[in-house]
Amino acid sequence: MNVTLKVWRQKSKDDKGRFVSYPVRNVSPDASFLEMLDVLNEELGKKGEEPVAFDHDCREGICGSCGIVIDGRAHGPGRGAATCELRMRSFRDGDTIVAEPWRATPFPVIKDLVVDRTSMDRIMYAGGYISAKTGGVPDGNSTPIPKPVAEEAMDAASCIGCGACVAACPNSSAMLFVGAKVSQLALLPQGKVEAKRRVERMVDQMDKEGFGNCSNNYACEAECPKEISVQHIARLNREFLKKTLA
Amino acid sequence: MKKLIDFYNSSIGKKVTMSLTGLFLCTFLLEHLIGNLLLFAGEETFNAYSEFLVSNPVIRFVEIFLFASLLFHPLVGLLLWISNKRTRPQKYEVYQLKENTPLASRITMLTGSLIFVFLVVHLRTFFVPLRLAEVKPSGYALVVEAFSSAPYCAFYVIALVFLAYHLRHGFQSAFQTLGLRTKSYIGLLDAVAFIFWFIIPLGFALLPIYFYFFQPATTAAATALGVH
Amino acid sequence: MKLDSKIPSGPVEKQWDNYRFNLKLVNPSNKRKYTIIVVGTGLAGASAAASFGELGYNVLAFSYHESPRRAHSISAQGGINAPKNYANDGDSIYRLFYDTVKGGDYRAREANVYRLAQVSNSIIDQCVAQGVPFARDYAGYLDNRSFGGAQVSRTFYARGQTGQQLLLGAYSALCRQIDLGTVKFFPRREMLDVVLVDGQARGIVARNLVSGAIESYDAHAVVLATGGYGNVFYLSTNAKACNATAIWRAYKKGAVFGNPCYTQIHPTCIPQSGDYQSKLTLMSESLRNDGRIWVSKQKGDKRKPEEIPESERDYYLERLYPSFGNLVPRDVASRRAKEMCDKGFGVGPTGLAVYLDFSDAIKRLGKNVIEEKYGNLFDMYHEITAEDPYKTPMRIYPAVHYTMGGLWVDYNLMSSIPGMYVIGEANFSDHGANRLGASALMQGLADGYFVIPYTIGDYLASSKFSPVTAESTEFKTAKADLDAMVHKLMSINGKKSVEEFHRELGKIMWDNVGMARTKETLTKALEEIPKLRQEFWQNVKVVGSSNDLNADLERAGRVADFMELGELLARDALHREESCGGHFRVEHQTEEGEAKRDDEKFSYVAAWEYAGPDKTPILNKEPLSFEYVKPSQRSYK
């Protein structure tokens, strides 16, 4: 199939950036979207033009590196999949596909489709952990955890930190990302000890980084490649209120 | 106090402010509708009720919160809206938010603004004369008078449609923000939400429709009105 | 070179305890005066950096990713082993030790493996305490499953995302230290060289991938946790960025390379569908429990699988191995699939695949049962290939998955360069010639949490350090060399892309040094690789600029190193005139076609020492002895 890729090109953080359209020919419908970009990049390289920069690594939807807004959707059309899992057969022959980077103040563009998502790491530094020192912990089976609780914690923990929630949100809110971690650790008995400090610090850092407020329109849940539920945002809110009231 | 200020300053704190003021306004709506349905009971009953509202000290006390909410809810909403706009200075070329979200959630700012405009007019029509005018008019007569105008009724009904949309999103959103929209309560919450976003605006909308089409007689004249 | 493995004496159960007691300790108040560089922040690197930070050392952690959470450890699916014996099925530290030595085809050190089995229990405790949501049973206790043919249920798991959860656990420990200020994290930095002063590793030179600047960092010790080199084959299940540059540059600085030829192939991957293909996706081996593998009896049969009648199908594994059938070990299943394809029986558009058919299982058990067991894998397959495995057989093909070889390390996990440690997949140590399922995660965390935090202290406490800063001559020289290398890569401006060279190298490696190696193919590879390398340095085209984010330039450096490493891999494979674990020499097989070890001649670690550019590397041998687990030949008939 043949498609036209209208892609955001931006040399550096300070460059203004613009869209450039490239025809991409003879793409196999079985190729992934990123492989289509590979093909384009190899062609560009041959011509001595600079390839389109994009983040990617595992290409099986778990590392969270890739993230492109494709035709107005974070990670492209379809649900429950990262950009790397998107196949070209989701498009039609002759389509013009618009590819843009995640756009949010806390995600400045580094180059083309690559953005800096370290703001999410800084939220994690602020409290996305249980302060258990290496060694000196009890046997793994010392505290039974009800299966449904463990499962729900696992649902939250499956976040890949890609930032699609922020990219999809009209307010660039990171509540689903923060909610997933706060919720995971609040559910587990070992995380309850530090629950108050954790939620306070993580929300504080989230606000400092310039993420927007949650308007509860749940675009995040719809675009999350791991389909993490906004229930975890509710739990984050609850934890935050608990912290304030208690 | 510092704790409270810090709380308000946080993103979640602001949302909780929206949520609490919004829910308070929802309870007011419920009360207001029940009261207004007395219009169907006739002039005397309604006027007695309206008199009660004006004179009862408890109501006057609660009114402070009502006005505080009426002020804060849109104000904080506006502040949030402005700060949220700043999070994405470079807009998407293509942005398919509609694929991922219900319409009501995307237009809360619009519906909210129009409801605010409606409120100003509404207060001017009913509240100002009933509460602030030197010679208190008959509440029932005011209603009859106001709803005799077709454009006014249309404006009223349209505003209620907007209110419905606003609450369609806002009601469940308030509970989500308070962390109460949990798996086990979603069903119940949706049912209650239906009362608020559908039944209540519908109830309110019946009034102008009824009064416009049936134009019941009134004994008192409406005075000091800006409806004409 | 004299290699001292520093294996402690005494009974194997006591070795680590005794050894640990005799290690020197660094005074708590002095720890912050020591700087440790950790390169790579996957499971091994993140756990090590976090543990160093907790101890009070000053830690600098580097990753070419933007965040430690992106490391390839995250892709591990199956689980992590620990002999907790929660299942009450007779597991013990000794049994895990025994299974690992045997599984490694008697090419690992007993002392290391025993220690690994010993500390693995603590890993589970540690991870639970960190909030890793392992699967649990209805009583709320940790659940176990049997994995990769193990006879006991010792594998802990978190759905099919165990690697992710363990990495996020280690990442969270690292986050805490970063917040406390003990660890400083440098994202998007690629280590390009290790810097030696007075023979000790004293720092690294790294490229800032965003600004393009070559930066120098000094320290008292350097820890490499940079993963394996599976991408030397171009197509593998490794992530795209996985590379050998860090260990390869260290090798060229004097660290010896252990057993490069031990590479693990996974039999059930989704086959390549075209030239554009960038990587291969692994599907759980459990598929072979219910799927039947077959090809057409007719060469080059282009019929659809449904059109091939039962009588014209060759269920070759069931034919060749009547008792084990489709459940033969990974390497056997992989090799047979390749053989069938090489003979022209391969299926699908490329002819490089065999069928994995579930129709009998669906008939027998019902679609529901199959869906329950493998639903997510079937969905994934469907997503990638647009074929419905409920209706038509899957196509599978083997792919490179893990490399057991790596930089040689002693019992302390220190390489042959004093002060340079290597942990996780990057070292060669614990798996011998083949790795058991669910043991990679175990080794990474064992090294990072429970081994290196002890052993590094001994080195720091007992070594003398001359004053060094990032401005010292050694750093300046290293930086100048790298600037020159970058300049050279950028200025060749040839005709072929980096990707093309990588693909060509991969093809040479896969065809000649892949699953079944012969003297001829290896010799051929040893001729072709240097030719390709020469062409690379004359004809590669690297576009863009060296002063900003440039993926092409990053890849160019990595491919340049793969071109050298590939040669060493082939050389090691050629010299090892036996078959063992992940190394199969066609000349050395039993009558049944099984790997045939030669314990007389090859019971040693091949530790290759760099001798200079274009010189044949020097082979050092570290003999292996087996006091507890006596070597025997396996059989799957």
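The chains carry the letters A, B and C, assigned in the order they are written, with residues numbered from 1 in each.
Quick note on the criterion: a contact is a pair of C-beta atoms (placed from the backbone, for glycine too) under 8 Å apart; a residue touches a chain by one contact, two chains touch by 3 or more.
No experiment lies behind these values; they were computed from the predicted model shown.
Averaging the CA coordinates per chain and comparing them to the mean over all protein CA atoms picks out A as nearest. Of all chains, the one whose Cα centroid sits at the greatest distance from that of subunit A is B. Chain centres here are Cα averages; for subunit A and subunit C they lie 27 Å apart. Look at where the CA atoms of subunit A average out and do the same for subunit B: the two points lie 37 Å apart. Once the centre of each chain is set as its mean CA position, subunit B and subunit C turn out to be 63 Å apart. For subunit C, the set of residues touching two or more other chains is empty. Multi-chain contact residues, meaning those touching two or more other chains, do not occur anywhere in subunit A.
For subunit C in complex with subunit A, the residues that touch the partner chain are 47, 50-51, 54, 65-67, 69-72, 74-75, 84, 86, 122, 124-142, 158-159, 161, 164-165, 168, 171-173, 175-176, 178-179, 185, 187, 210, 239-241, 273-274, 276-279, 281, 383-386, 449-450, 453, 497, 499-500, 541, 543-545, 548-552. Across the complex, subunit C is touched by residues 11-12, 27-32, 34-36, 38-39, 42, 44-46, 48-51, 53, 55-60, 62-65, 81, 85, 87, 89, 110-111, 114, 116-118, 120-121, 124-135, 137-141, 143-147, 150-151, 153-154, 157-158, 160-161, 184-185, 188, 190-191 of subunit A. Against subunit B, in their complex, subunit A makes its touches with residues 6, 8, 17, 19, 69, 71-73, 98, 100, 103-106, 168, 170-173, 203-204, 206-207, 210-219, 222-223, 230-231, 233-241, 244. On the side of subunit B, the complex with subunit A involves touching residues 3, 7, 10-16, 80, 83-84, 86-97, 99-102, 105-106, 108, 169, 172-173, 176-183.
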